[in-house]
Every structure is written in C-alpha cells, then in structure tokens.
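Consider the two complexes below, in which subunit A is the common component and subunit B and subunit C are the respective partners.
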Partner chain A sequence: MEGRAVSSAGQGFAAGSVAAPGLSAKSEVWLWIAQRASAALLALYVLVHLATIIYAVRHGLSGAAILERTRGNAAGLAFYVLYVLAIAVHAPIGLRTLCQEWLGWRSASLNWFMAAVAVALFVFGLRAAWAVFI
Partner chain B sequence: MDMLQVSVWRGGASGGYRTYEVPRRESQSVLDVVTYIQRSIDPTLSYRFACRVGMCGACAMTVNGVARWTCRTHVAKVAKGNAIQIAPLANLPVVKDLVTDMREFFDKWARALGRFVPGATRKDAFARVASDSPGRVAANAGIECIGCSVCYSSCDVVSWNPDYLGPAALNRAWTLVNDVRDGARRERLAAVAGDAGCHACHTHLSCSERCPKNIAPTAAIAGLKRAVAGAAWKGEL
Partner chain C sequence: MKNDYRSRNHPAWWAFLLHRLSGLALSVFLPFHFWALGQALQGEARLDTLLRWTEQPLVKFAEIMLVLLLAAHLTGGMRLLALEFLPWRDWQKSLLAWAAGAALAAGLAFALAL
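Let's look at the complex of A and B:
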C-alpha cells in the first residue's frame, strides 16, 4: 500500500529577540560570585534562624521573653546584620535574572531597580534587627 | 499493512502540520520515515541528512516534542501507537519544513572561541599529554560532540535569552580550556563569561539528558563557571 498525505493543521513558531543587558561580562561574573557566596552564608543563617524560631515556639516564649533575650545582645545583632546583608545581596541578583529571562526586562533601568530593591531589603531588615536590640 | 500517521511541519516560521500515511516497517528509523515521505509521497518536503549513521549531526529534528538525531531513533521507540509528530529543531529559525538555519548555532561556537589556538611554534617539541592527566580526561568527556544542535534546541535558557552561547559552544570551549597545548585560555574564559555565557546556565540538565552522544555539557559549563570565577578572582578576566 502506498503512503499518502491526509490532512493539514496550522500553527506558528515564535521567534525571540533580546536587547543588550546593561552590565559588562566581568561585572556579571562578580554578581554571580556574590550570589553564590551569599547563598553559602544563607544556607547556614537560615538554619540558625529556623532553629531559633522552633526553639521559641516549642518553649512557649512570649514576646516579652524574646525581647528580654535579644535586647542588648550584640552577638544577636551582629548575626542578623550579616543575615540581612546576605539577603540584600542574594535576592536582587536572582530577581534580576528572573526579570531578564521571564519579563524580557534587559535595560539599564533594571539594574537601578534592583539596586533599590537591595537597599530596601537592607534598610528594612536592619530596622527590624535594630528594633529588637534596643 | 500497518500504517504510521506521521504529522510533519510544512512551511517556514509560520506554516502547519500535514499528516502523511507511511507504511510501518521493522527496524525503521525516523529518518527512514521522512525519506519515504519525500521520495514516495511529496518530493517538495525539505529536510537535511548526510551520513545516516550518527556521525555527522545533520538530521536532528523535533520528534514528538523532543529533539533527537533521527537516523538513530527507532520509530518503535518514539511512536505513540501509530502516530509520530516531526517538527524542525526549536530555538533556531526555520528555513523550510524540517530545515533550520544553523548559522547562529555555529556563530556562537566562534563567539565562544571554540577553535584551537596554538600555544607553541613549529620549533618547539611535541607536547606530551598523558592520557590519564586531569586535563586530558576532562577534554575527552566532551570531544565526541557532532554539532547536531539537539542540546541547543532543548535548552530553556537559549529560549529565554537568545544571546546565550548554549551548551554545545560552551562544551567545546571547555574541551579547549583543558587542552594544555592551547594558548588562548584567558581570552576564551573572557569570551564565555557573563550573562550570555556560562553563568546564565540554570543547570536544568536538558542538554545532558538529550545529547545523543551522552556528553554532559552541564558538567562542562559548571567547569567553565569555576574557571571563570577563579580568573575573575585573580584579576585575569
């Protein structure tokens, strides 16, 4: 039996385009290193942070009891300042990649926006750490 | 006789699937099916092939949604019942039917400095490279690439960032970074750095999963990331 053509159905192949990203390859490499280094710190910090939360909940500590432990605790403040710093470095770099790849946002404005996100994360995080210290 | 229902992409970037009935045979490859359609049903069908034995990398197509080398893909392995859908490779412009424009794919090999740059002159002695030296072993893992573009077509990052050099070009760069005779390590690391280079890889592993030669470009790209980060750290980038 001979083969034959039996039907047709339409569909399109989409073509993409991309604008130049705002940073040099060298800067991109440093962002990559910064994100990996902050991730290594965060792996440790998140574990300690979660363990602290679980301890506080399981021992039924009140807000006052927690504040009693954190007020004037310089080691606790130092821990959370570094934690907040690692978050402020790590999160905007990842968000920047997401915006580039999923939203196609590749202009210099993205870098400024992410710098603002980094500052905001750092300031709000620091404010929270300071609030339970004083 | 058992007949295959073969749905084949016809046209360019915009076009449609056309279904052909092809006799099913024993030990039939997907390339055999495409060849049958062109020779016995519709001579206007365009596709690309050369060696038919898995050496040249010319016949890669998207078969039931997955990029494959069609000459060594058995129909029995991929057919859903008696149905097969055959499309051109993704992430490349379609020229016509199953033929894609491979220029960008190979231009990216050049952009990744994927050529050997001699580090010695004819007056120097031959390089002696022990077959069990770490560089030789790392290069060996990637040198069997046939340039079929299956990895490039399967890569999510290429589809999100068309400037991304892609797994094949980066794998080639990694084999040269590990070639002790090569004299352009620094330039090559600079060429593969950054958002369009190795650092864009998300380690989805589609390239390593689908490479018909069982190469792991993901491992090569991870090696490049480490090498480039080391170069940046030393101020050599």
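Let's look at the complex of A and C:
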C-alpha cells in the first residue's frame, strides 16, 4: 500500500498507473496517447481562450457586445467545436486517473461513468457554442 | 510513511498537486460555464441578467481564481509535455518557475482588465 502511494506521487498523473478492470493494456495506452494529444491541442486553444477572455473584458462584457462579436463567426464556431471536443477527451481521462488514485475507484463502472461524462461535456459544450455563435 | 512525506515535500510534488486540483476545479466549473453560455439561446436579455449577477465582488474573485487555475493548468501541462516529450536539457529544471510566473502573469492581466 505504501509502495503504491509513493509510486502514485512519483508518476504524477500518468494515466492508468493501475488499470481498471474492463480495459486492456492497449486501451490504457490509447487513453494515455489521447490525453497527451488533447493536451497539446488544448495548450493552443487555452492560450487563445485566455487572450479572448482578456480582450472581451476590455471591450465590453454586455450580452449585446458579446453576441455582436460572435454571431455568424464561422471560424469562431469551428475553433470552439474543436476546443469542446478536446476538453471532452482530456477532462474525463484526467478525472478517471484521479478517481483511481485518490478514491480507489477501479471497477469497470468507472470507465462507463467517464464515458458518460465525456459525452455530456461534448453535448453541453456544443450547445454552448451553438448558443453563442449561431 | 516517512518516505511518503519526503517524496512529497518537493516543488515537483506541489506542481503535481496544483495540476490535479486545478484540473478538478476546472472540470467542476465547466458544466456551469456551458450552462451560462447556453443562456444566450434565450436572448441577449437573459445573458445580461447573468452578466449582472457576475458583477458581485465574490463572483469576480471566483472568476479571477478560475482564470488563475486555468493558466496554472495550462503552464503546468506544458511543463509536463516538455518533460515527457523533449530530450532532457538543463533549462527544463527552470520550467517550474517559468510555469508559475506565466500563470501569475495571466491571472494578473485578467484581474487588471476587469
């Protein structure tokens, strides 16, 4: 138990340090790759998002001012759809690792729960992008 | 237990903890963020009502904290990607300080723009 705790600390948040039942080692590797690939995309998206947030608060934060800048902006919609997709991949994989290491939740139900979280994030994120850009 | 303490009393452990906790906080915040943006479906007036609610000092403070956490998760994540995928260089030892500095700068830029 103590060894596992030390290993947890040392490996940081490496995905799948202890595999949950129901997922093969190969699937764990794919999750690890998906986590890193989405992180690389999100690095760019979050930089742009942070710049947009700072721009928005400096140039008017009323509903009208925001929607005037966003409505009909196809490039903005495409950017945020990809942003939401990357989030829907990245966040559940990170939460899954957290649940495994901190809560000891390692049953197959964890994988189903995180799959549901991914779908919910994607759907609600798309709805938000639709509301602001269409 | 002694080993546990020693392995955690290190800047890299605190960076790991901050990365994990900021990720958790951002994951909890996301559904509320998406819900708030979705209010635009009901028109500008509904969005304005929500924006007026965010004028409260406590909400403003929470917003600054969230931007800080987002910036910290971004810079901490970039540090991890550099550690994992780039060949080791001596300058990578300074990445922790660079990550913390960049996150603070982003949080400050947002706080001052408010």
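The rule we apply is simple: the second predicted complex is superposed on the first by the 113 of 134 C-alpha atoms of A that agree within 3 Å, B and C clash if a C-alpha of one lies under 4 Å from a C-alpha of the other, contacts with A are read in each partner's own complex, and residues count from 1 in each chain.
Note that in this section a contact is a pair of C-beta atoms (placed from the backbone, for glycine too) under 8 Å apart; a residue touches a chain by one contact, two chains touch by 3 or more.
No experiment lies behind these values; they were computed from the predicted model shown.
K.L.:
Would you check which partner chain A:82 touches, where first means subunit B only, second means subunit C only, and both and neither mean what they say?
P.N.:
neither
K.L.:
Which partner does A:32 reach: the first (subunit B), the second (subunit C), both, or neither?
P.N.:
A:32: touches subunit B, not subunit C.
K.L.:
Report for A:115: first if it touches subunit B alone, second if subunit C alone, otherwise both or neither.
P.N.:
neither
K.L.:
Could you look at A:24 and tell me whether it touches subunit B, subunit C, both or neither (first, second, both, neither)?
P.N.:
first
K.L.:
Looking at subunit A, does subunit B or subunit C touch a larger number of its residues?
P.N.:
Of the two chains, more subunit A residues are contacted by C.
K.L.:
Please indicate which partner A:48 is in contact with in the superposed arrangement: first for subunit B, second for subunit C, both, or neither.
P.N.:
neither
K.L.:
Looking at the overlay, does A:100 come into contact with subunit B only (first), subunit C only (second), both, or neither?
P.N.:
first
K.L.:
Can A:66 be said to touch subunit B (first), subunit C (second), both, or neither?
P.N.:
second
K.L.:
Common interface residues of subunit A with subunit B and subunit C?
P.N.:
Touching subunit B and subunit C on subunit A: residues 2, 5-6, 9-10, 12-13, 36.
K.L.:
Taking the touch rule as given, give the residues of subunit C at its contact with subunit A in the complex, in rising order.
P.N.:
1, 3-4, 7-8, 13, 16, 19-20, 23-24, 26-27, 30-31, 33-35, 37-41, 43-48, 51, 67, 70-71, 73-74, 77-78, 80-81, 84-85, 106, 109-110, 113-114
K.L.:
Any idea which subunit B residues touch subunit A in the complex?
P.N.:
Its residues touching subunit A are 1, 3, 5, 7, 10, 13-23, 36-37, 40-42, 88, 90, 93-94, 157, 159-163, 190, 193-197, 199, 225, 228-229, 232-233, 237.
K.L.:
So in the complex, which bits of subunit A are touching subunit B?
P.N.:
Subunit A residues touching subunit B: 1-13, 15-18, 21, 23-26, 28-30, 32-33, 36, 100-102.
K.L.:
Under the definition above, what is the set of subunit A residues touching subunit C in their complex?
P.N.:
That would be residues 2, 5-6, 9-10, 12-13, 36, 39-40, 42-43, 46-47, 49-50, 53-54, 57-58, 61-64, 66-67, 87, 91, 94-95, 98, 120-121, 124-125, 127-132 of subunit A.
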